[in-house]
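You will see two complexes here that share subunit A, one where it goes with subunit B and one where it goes with subunit C.
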Partner chain A sequence: MRLEMGHIYIKDIQFATESKIEDGVLYVSEEALKAVALEDEKLKSVSFDIAKPGESVRITPVKDVIEPRVKVEGRGGIFPGVIAKVDTVGSGKTYALKGMAVVTAGKIVGFQEGIIDMTGPGADYTPFSKTLNLVMVAEPVEDIKPHDYEAAVRFAGFRVAVYLGELARNLQPDEVKVYETLTIKEGILKYPDLPRVAYVQMLQSQGLLHDTYVYGVDAKKIVPTIMSPTEIMDGAIVSGNCVSACDKNPTYVHQNNPVIEDLFAEHGKTLNFVCQIITNENVYLADKMRSSDWTAKICKMLDLDGVIVSQEGFGNPDTDLIMNCKKIEAEGVKTVIITDEYAGRDGKSQSLADADAAADAVVTGGNANQVVILPPMDKVIGTLAYVNKIAGASEETLRADGSLEVEIQVITGATNETGFGYLSAR
Partner chain B sequence: MIKVVHYINQFFANIGGEEKADYPVELRKGEVVGPGMALMQAFGGEAEIIGTIVCGDSYFNENIEKTKNEILEMVKEMAPDVFIAGPAFNAGRYGVACGTLAAAVKEELEIPAVTGMYVENPGADMFKTKVYMISTKNSAAGMRDAVKKIAPLALKLAKGETIGASVQEGYMPNGVRVNFFEEKRGSKRAVEMLVKKLSGKPFETEFAMPDFDRVEPNPAVKDLANTKVALVTSGGIVPKGNPDHIESSSASHYGEYDIDGVFDLTSETYETAHGGYDPVYANDDSDRVLPVDVLRDMEKEGIIGKLHNKFYTTTGNGTAVASAKAFAAEFSQKLVEDGVGAVILTST
Partner chain C sequence: MVKEIERAGIPVVHVCTVTPISMTVGANRIVPAVAIPHPLGNPALEAGEEKALRRKLVEKALGALTTEVDGQTIFE
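Up next is the complex of A and B:
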């Protein structure tokens, strides 16, 4: 499958009476955005704000981060089965607005929404301090259940992102990248001497606000399957997660999955990137066993030589990670796993909830329990009302001088387990 | 100027080899001896060696307690800002002496200390978790490399600066995980590691799998009808309002709550503090996580002897295993003292 990605660099975002992109500036009509967001009756009101890199701004509680894209040529549309109709995506031509993101925020849903600081020490830990952020703060109607509120905000974020992506439909991209994988047979003929490699992505699917959707299907209801690595670039996988902010995959990370990006960089050179394999992280033992069995089976059936396995979340999914690793290695397929650690504030505790000698090649996103002090910011988008409650905070988090004493667990993307960031630990 | 005291053996003091290994301990105040010269150079004027302690390897190891105490006295007297022992490379008895002394200076005198040796030196496994230990080559040919790492780490320790991760500073992994920013993002590192692994080239994992702490289940309870049963949960069930402010994740403590006369946990009386799942259903009816109602029925029906009048609770979400272990070690004692014979541990 071949996908041409056109990058349109956004240098600034400004509110205006008419939405358009001109000379790299995204002009947005707040009225139009509100109309798009409030199509859902479960949302009472929304407001929009703009946060730029380097500004003294704190965004919290952050739910999702999304990159606006538009499908210009080829089958389907962005977010198939969610916003666009179900159709197999990942081929043709897609444009993305680079350097910016839609950030959804608002009253807390669970305990596990994040913080994005646009400057200061917190900014070092989140990739989204480097993007121009159009922030949507959504207020739900009264008496709404958390999961209904989560769904409403999630869909509103996607609608807004698609609305913005559409503004780029007739533009000329600043840069074009081509991603292409071959069919099984073609790949073997073209790269007979290169090791066959796939990317095993574990999708967070523990349920109760820990959900991921594949073409609109709740990932806890899938069995492991294969995808072209370009499908995810058109929004085939989206986040519905309120797991700890540091190691959940916001939709933006799915769209820009770094393992896929970096495997493509080596495709045809040191390896043959065969496909993406998706599996889930369910809570029942039978599901864990079935999914890890199937994942290993698919690796074997595809005659793979190696895989990279990425995790999402921590604790319970550590067991899925180790089961996958162990079973795939047992099939003679070499693995590298990407995880993060909960080694305690002092770094002395056991990092993972499971371990096995087969996991001899591990990349870590760092210790999520590490404590940082986030100095007060001039402006807060969202609210600090829940900042002592979110995962990684404590009763003492909000200090008298307005600074926050938190574990980096609270920072969106801090210890991402697709290897999106630079943090590590030894 | 930072003051340093340096420890070396008879060989590096140029006294002799194995035939002189019984050389007794000796303090050379104000002298810089052997590898001390290279250290001084590496300090770049920021620190000076105010004394060198020399001791034969056999002498030290045959009189370990006595010699250690003598040397501690010497170090205490000179009151340096940092103590350096070695490097010992692959010399076994020298490595044990360096590890013993560096760890003792750090622990007993509370003076920062650093040593260095080859990873297979027996002193490494004995002391690498007790004191910063630079990983060196296996022979003195690696002196220049070793000094390049020992000197800057010693200066940082003396100045009380933050010490980076083992891979940055060059010390052997010591069981304390330290975060740092890599030059390449994680996915790139993963791809490079996989390419190396596939081509049979050496690669370095970023996290070596630990010896895993697995707990064997106890044998089944034989006489449940005469057993006092307690409920313990990591699902975060607490009296409404979370009176002890148990954290939603990475809990720093546990709660002990009385359920005397409680037959049912209702949405008015109990809730969850846990941040790892949608709390709606647990808040609706906390028995779903901590089944007091069912246990009361079983108590009435005589299936269990008695439900213990206290339950213990914390949030398992992101809580360090070491913390969880410490909580359980404490409340298990209380459970035993209270005559509890079985525990139902619920998680989420």
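Up next is the complex of A and C:
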């Protein structure tokens, strides 16, 4: 499958009477955005704000981060099965608005997680302090069921991103990248001497606010399957989860998955990137056993030499991770696993809930329990009303001077397990 | 907690959903539970059915508690 990805660099976002992209500036009509967001009758009102890198702005709670894209040529549309009709995406031509993101924020439902600081020490931990953020805060109609509200906000974010992406349909991209994977037989013939490597992506699927969707299907209802790694670039996988925001994958991370980017960079040089394999992290033991059995079976059937496995989240998904690792290794396929750690504030506790000798090549996204002081910001988009209750906070979190004493697990993307974050031992 | 209580000389049954973690941490008597969000119940069942399920789990745990084990054992 071959996908041409055109990058259109956005240097600034401004509210205007008419929506358009001109000389790298995204002009957006607030009225038009509101109309797009409020197409869903479950939403009563919505407001938009712009947060730029370096500004004294804190965005919280953050539900999702999305990169606007548009399908210019080829089958299907962006977010198939969610916004566009179901069709297999990942081929043809797609444009992406680089340097910016749509952020859905504000009180959501149940958990009020996720912080993005646009400046200060917090900004060093989140990749989304470097993007120009168009932030949407939505209010539901009264008496709405919590899960309906969650879905309404999720879909509104995607609609806004698609609306913005459409503005780029007739533009010339600043840069074009080409991603291409071969069929199994073609790949073996073309690269007979290169190791055959796949990416096993574990998708968070534990229930409300811990869900991920594949072509619109709730990932807890899938069995492991294979995908072309270009499908995700057209929004085949979207996020419905933000709890313990440090190691959840917002939709933006799915669209720009660095494991896939890096495997493509080595494709045809040091390895043959065969495919992406997706699996889930369910709350029933039988599901965990079935999914890891199938993932290992698929690795074996594809005659892979090695896989990179990325986890999403922590705790009981550590068991899914170790089951995948153990069973894939038992099939004679080498594994490298990517995870993060909950090693306590002093870093001295056991990092994962499960372990095995087969997991002898591990990459960490960092210790989510590490404590950081986030100084007060001039402006808050969303609300700080729940900040003492989120995972990684405590009753003492909000201090008298307005600063926050928190674990980095509250920061969106801080210990991302696809390597999307900035933490490094180098 | 399981290990500390056993260290004090009192046998423990660990009722839990993710039995592999229980094996890793070293529990000796393990009874598999229903699911992570609801280990001892099932909201999908009728009240009567759920009560029966819960009773069965507790009885199985009590049975495990009075069973001699030779090393780590999962009571399926």
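Quick notes on this structure:
The criterion applied here is as follows: the second predicted complex is superposed on the first by the 420 of 426 C-alpha atoms of A that agree within 3 Å, B and C clash if a C-alpha of one lies under 4 Å from a C-alpha of the other, contacts with A are read in each partner's own complex, and residues count from 1 in each chain.
Methods note: a contact is a pair of C-beta atoms (placed from the backbone, for glycine too) under 8 Å apart; a residue touches a chain by one contact, two chains touch by 3 or more.
Quantities reported herein were computed from a predicted structural model and do not represent experimental measurements.
Superimposing the complexes on subunit A yields a three-chain arrangement in which subunit B and subunit C clash. By the document's definition of touching, neither partner reaches A:38: not subunit B, not subunit C. Legend: residue contacts after superposition of the two complexes on their common chain; A:206 is shown touching both subunit B and subunit C. Of the two partner chains placed by the overlay, only subunit B lies in contact with A:270; subunit C stays clear of it. Once the two complexes are overlaid on the shared chain, A:308 sits against subunit B while remaining clear of subunit C.
Looking at the superposition, the partner that touches the larger set of subunit A residues, subunit B or subunit C, turns out to be B. Legend: residue contacts after superposition of the two complexes on their common chain; A:354 is shown touching both subunit B and subunit C. In the overlay built on the shared chain, the residue A:83 is in contact with neither subunit B nor subunit C. After overlaying the two complexes on the shared chain, residue contacts for A:72 are found with neither subunit B nor subunit C. Within subunit A, the residues touching subunit B in one complex and subunit C in the other are 206-207, 353-355. Residues 206-207, 283-285, 288, 316, 318-319, 322-323, 353-355 of subunit A are the ones touching subunit C in the complex.
Here subunit B touches subunit A in the complex through residues 165-168, 173, 175-191, 193-195, 197-199, 203, 205-210, 212-213, 245, 247-250, 252, 274-281, 316-323, going by the rule given at the top. On the subunit A side of its complex with subunit B, the touching residues are 110-112, 124, 145-147, 195, 197, 206-210, 242-244, 258-259, 261-263, 265-266, 270-271, 305-308, 314-315, 334, 336, 338-339, 341-357, 359-370, 389-395, 407-409, 416-426. Across the complex, subunit A is touched by residues 17-21, 24, 32, 34-37 of subunit C.
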